[in-house]
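Take this structure, written in structure tokens, and hold onto it; I'll ask about it next.
Should a chain be cited, it is by its letter among A, B, C, D, E and F, assigned in written order, with residues numbered from 1 in that chain.
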């Protein structure tokens, strides 16, 4: 049992290490900016996820108590990572893409990042 | 000096001074304190009475002066008996500065002159000054000056004397500059202040040295210690410094130049300051110190020579002055030189002559000044070239001026003749160097010129034909104006005729005070028989007449001669000094903080290096720990990021990213080095700081241009490098050594749980052991937020607001300002983040965490809303004002602290206990948690107020206010028939 | 370990000092933050370095603890310098907005206010 | 029921937060449950203004199913990405943009979808269209963008529609 | 337990949050509370002063933790004197700020004002080195707000410099504290003293570095050359009533030097031999010179007074740097004088500036020129060290106490020549501002005065009263120079017997 | 076994961290740099947790959690800055 636990933990650690590496390596290796974004957002997240699972398992098998709070970090990363990526993608679209270089946006005509309107309506100064 | 007694002692000394007020003998009715104080008291009235009219001012001034004069006279019998009247009051025994006064013959003579002539001046001035002149001010200044003079001559404490001495400089500054609209007045005043003030400063040093030689600052003690003083190696410095004071005040060469420029003052001032008072102060002091300072070759050569040169020079220049008052001014210089020379001789008879001439000069010179003032007043000019023939128009004035001038010229039987005769006699007995002739020869020359300018004063102003081009229509003034000079010429005549009876005893007591002992027998008399002095006088008189005749020709020669103009030189010096000061100041404080910082760093390094290399070092006592992989990686990242930041800092955005990296690594390092609390705090602060910096950078240029040359940058890099090496070496040296003593934190570790109720020792230190630091810390944070708020208000109230409202973004903005994903994510995150904040808060006492980090986390939860949904949208939802949150935070912390008072314990004493309710597990309640709540609130409020304030800069009309998200299909689309989701609520 | 930390402090200090001698507000602020890091680590290290000895009392075992006092001091210092940074950032911005000039030196003649 | 509504206006959130609290304290006790519940009630009320129109989850089993599907996809597809990153030359890769027309209307649902797309490797949601009716997705390596679009709509959007709308 | 000791810290710490929480929109109420609290503070300070007259040293152990483990406040003669000085200064300044309407020109004047007082007083009372740092920061950050109060381009830009410079100082403070703690293992000043005295003589380098860095920090505060650069730029550009309040800030530096380098690194301490007076004294002399030169070289009145403040700090630091009981007596007397005189002159400068602008050039006469000119004259007398005001006495004291010093010729020369330059400079300025204005023809004035905000002061009476109050302080200091020096002497004596302080703080518990 | 696995993971994430830094160093667009920083934050979290596992301590959990939360906020702030200039508008 203990050995199985250790095995499991080691497995997750190694997997996580690989994914962590892949994530950052991808950031370096992939040539086009949009593609680069793929690697870190998920590989790294999975890498951390692996470490967190290893940590949970470690507490169970080695320290003999249940510790699940690592899940919270996973939760945070799952909530936040897509948003970060989304923003960086928007930055890329804003800077490096034009409406023409992107696929047609359907009925809405244009993608939100390119949807720049001059709004001259004046309103009151906030406090 | 002695440090003595205490409060009580001081009180006793005051009382004893009061007892001194009681007369010991029948005569001593008026305390010297009163005599000195009266003019000062009197100075108050004119200023207050100015509404009551000019006469009231003059009367109040006159009456106080008269009272003082009468008070002085009451002391006359005692003085004549040779008794010294004293009044003592301890003022600053620690320093040796005490309000000790004494009155002897010398003091009496001078005080009498000061107060007596003062009275006459007050009378004269009442009629002299015009309606436009502020009379209250005049009399106030005059009485201040008078009081200071009286103070000088009555002081029995040289420090006290210094006080009055400088006071005369100040009050004369006001008097000379009385006519503010005249540039000559302003410049003359400043020049007089600069010269006499600087002399006074030198004298301070001299007096202090003297006091140190003797061990007392009391004149009565100092005057007893001639041998001690003269044998001291400090005698010469003291002498020179004191004489500097005397010479500047008494306008001795080469400091004589200020006096003629002081003539810009109203004539009553000139008459007062330059006949009887201010310029005589220097003489007085030389006379006063005569017993202990004179009699040495140093004294003789410095004082007598200076006097001689001054006498000759003043006389010569006076002859060629066309301004009446300038003529009189240089004649004054000359006569002061004369008296100085006499004092310099160091013999008793010379001292008697000096004293006698002081009296005589005061009488005729005051009369002459007043006459000149009358001429000026009536004719509208003081230019001799425009005058002449006034004897028919102004007979009274002519008579007064004639008598006084003749006295000045040394014509018998007037008083000026007597003392001049004595002077000439003394020069005959005086050897300068090896020369027997130098002294008498030059004295004769001076006398000759003296006669010449005196005659000129009469001849070119009053004699000759009447002119038709006077600026005004001259006639004799009202009696009020000529009464005072008339009285003085009466004295001139009577003293001349009957010197011994009139002033003999006074001269005697005064001179014996000067010499400090018995005097040789002397009698002041008109006729000494035919002697060399008389011959010299005759030559001088005849020569004077010849010079007068030759004046026109001589004047051409004089004007053709190149002469250094003292005022030009002085002005040039002052201007150069000012310019130099400006240069130094502007160069040194050029507003370049980059240079200030460099100096700061270099200076610090130098001093620290000095301290280090003059100290001792032992071998290291601690083993160096191994470095695992993780810290090496972190180290590498940190170094790389820092290096990049330094080299690439011009790209500001990149720099902020790199700062983020550095913060992250530092936080990681704290974690690794057993400081989880620090790590959390560091990273939270980091994020908020970056948000702040980004908010700020939005408005700033996005790149930093190259401002410094390569040389400067290399220099800075070298300095920075040295600083870095120094810091590294210092901390390394620290870390490889143990504490020299057990640290106090052992106590904290031992008592954290027992006494503080927490297992997180860092937190217990923060909220308990050193809660007071934390209290200060949250106040700092609160203040920071207030400052930021106030700055925002100030900037937005200025014209910057218009700029901000019309500002266009520097680069094109993307669409979709508030992306849906972000909004949703923050909405989900917010409750969780608050949960985390709560958790961090509650566990802090026992595990890493606490109010501060919790506050930051909570703040960030709110900030996320601002970032995602927009300023206005988020601000509308804010229900408690951040000011209130900050305030309540600090107040809660303070109240927690004060709660301990009710248990009779000191501020911030904590209490804790363990509670068990029903089936719940036991939990801890601690006042420290309440304190930490204060921390939490203060941090939350401060961060939010700061960020919110900064965000207000970015607000522009047209920003979306009603919706959090720019894109929201559910809001924008018609309700989907398939969906039963109600959409009526809408986003507010 | 000690050497790593000492050099890190040194490099941070050097960077900070170089940057505060620049002529624009922004790099100076960057420099101040670098200096803040440096001094915080410095102060922290005055308690000597300890790995895996957090000053959280362990009720069950006798374990060594690192010196907690410098940590508390650094915490206070971090918070205070955060407040200071916030103020200087705001002030720099206000100054820039008022003068449209982010030079930090005031070397021009006085009285040339916009 | 109404009273219960009053007390628990946001039952799912309350539940989630109570659970989060247990995770935070890393254990379950009566104290932590009660306190977690207390916070779970209070915090949603406090944060209410910042989250108007909190959606109601309609289909809890579907939520669980969705989570499992996504987790599975993450793990499996990550391996694919790793292979691409490590072994596939850049030139051989076919990155592509894909537009996903959306049927979802609720912002929360769209956000979850976009998040899911990003977290599942190989795809990354880059932008929404101007009115939010399409999602722009970037594929790391695909030969058939249509298939990607269909799979997303089928695998995720369908389930989300059931959950949220 | 004597809670009065902490009252002067807690009072502003409660009042200021109260102001920002409850009455931040009611200026009138703020004024009432602010003045009332200042008066109360004054009362507390007098009471505290009274408690020290017997010579005993009281301590207040915060959190009831024994020294050196917790933070302790110490009330001895020196701290009582400084607290009293602060509150005596505060009252006229707050009145002036109200009277001149300065407090209404920006936000949060009164809150920041009281926070500033809290910082200053805390610094004077604390017996803990790190707590001293905290209070330094409190007073500094409040001063940042006050200095930039009401904004304005130049003020803001100068504010940036002021903050940057002081942040450098604060950073240095932490380096110093880190080093000292690393060597001694304590922060309590009394405990530091004990440990420093027992320091082995063959391992002193680190301690010396710490000691000297700390001295530099205080030197920055005390505006010692070449660390004084923050002063002219901030004082001259701050609202001048604030600059008047800042007169106490430089004294915090001087106080700290006095405290630390008599208690901990006293003249007899072997470890720090050759570190303090050796360079402090020459630097102080240069400070005096730089100040005097600056007075003569100033173009505007704010800077003029700022340099006067620097030169007066130079004089003060000369006395401090001699480190004898006698010199300390002189220093303490001079410190009080310098505070009042500088503050008075800043208030007068503000009156001038508000009415005619800052430049030292002739302009048409301003309203109330007569009384302001008199005040300027009196202030100048005080600053230049002319009789009859306390400046002269102070100067004599400093000259007197430097007699035994080997550097006395240099000291005397610099003080006396400095006085001369000061006199010339002040006379020049006064005559240009007040006298020459009578010669200015009013018509030719349009360009110069256009930019000056000639808004009338709300209640000049109050401003003048405040100014006269400061003047009264100077006069009282002159008249009661005897008791004042005696108190100063006893204070100095207490300072130079640090054992009493140490015993009071550590209660003989340690060692 | 675990020890070696931990070392391996340490090495992986350490190298990852340096690669991130390299990305920041060499990249020309700020967007990629921000992305790299974001990745760095996540790798740091992994390292922290790993370190916790290696010493059997949970003391770093909160720090990791906070880094996770705050790293996101700073990434968003940087990104918003790049997109809009104003990060709060």
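Basically, a contact is a pair of C-beta atoms (placed from the backbone, for glycine too) under 8 Å apart; a residue touches a chain by one contact, two chains touch by 3 or more.
Because the structure is predicted, anything quoted here is derived from the model rather than measured.
Counting steps between touching chains, the shortest path from chain A to chain E takes 2.
Ranked by distance of CA centroids from chain D, the top chain is B. Comparing the chain pairs B-D and B-F, the larger number of C-beta pairs in contact belongs to B-F. In terms of the distance between Cα centroids, chain A is separated most widely from B. Here the chain at the heart of the shown protein, by mean C-alpha position, is E. Inter-chain spacing, taken between the CA centroids of chain D and chain F, is 22 Å. Remark: chain A and chain D have CA centroids separated by 13 Å (rounded to whole angstrom).
Remark: chain C and chain D have CA centroids separated by 40 Å (rounded to whole angstrom).
One inter-chain figure worth recording: chain D and chain E are separated by 61 Å, centre to centre, where each centre is the mean of the chain's CA atoms. Annotation for chain A: residues 18, 25, 37, 45, 67, 69, 72, 75-76, 79-83, 86-87, 90-94, 110, 112-113, 115 touch two or more other chains. Each of the following residues of chain F touches two or more other chains: 10-11, 17, 34, 58-59, 61, 65, 69, 71-72, 76, 80, 82-83.
Residue positions 591, 593, 597, 601, 672, 676, 697, 727, 731, 734, 743-745, 748, 769-770, 773, 777, 780, 783-784, 787, 791, 794-795, 798, 813-816, 819, 821-822, 825, 829, 832, 836, 847-848, 871, 955, 959, 967 of chain B each touch two or more of the other chains.
Against chain B, the residues of chain F that register as touching in their complex are 7, 10-11, 14, 17-18, 21, 24-25, 30, 33-34, 37, 40-41, 44, 47-48, 51, 59-60, 62-63, 65-67, 69-74, 76-78, 80-89. Against chain F, in their complex, chain B makes its touches with residues 629-630, 633-634, 636-637, 640-641, 644, 653-654, 656-658, 660-661, 664, 667-668, 671-672, 676, 679-680, 683-684, 686-687, 690-691, 694-695, 697-698, 809-811, 813-814, 817, 822, 829, 833, 836, 840, 843, 847-849, 853, 857, 860, 863-864, 866-868, 870-871, 947, 951, 954-955, 959.
Those residues of chain D whose C-beta lies close enough to touch chain B in the complex are 13, 17, 20-21, 24-25, 29-31, 34, 39, 43-44, 46-47, 49-53, 55, 102, 104-108, 110-112, 114-115, 125, 127-128, 130-133, 165.
Note for the complex: chain C touches chain F at residues 52, 54, 56.
On the side of chain A, the complex with chain B involves touching residues 75-76, 79-80, 82-83, 86-87, 90-91, 93-94, 110, 112-117, 119-123, 125-127.
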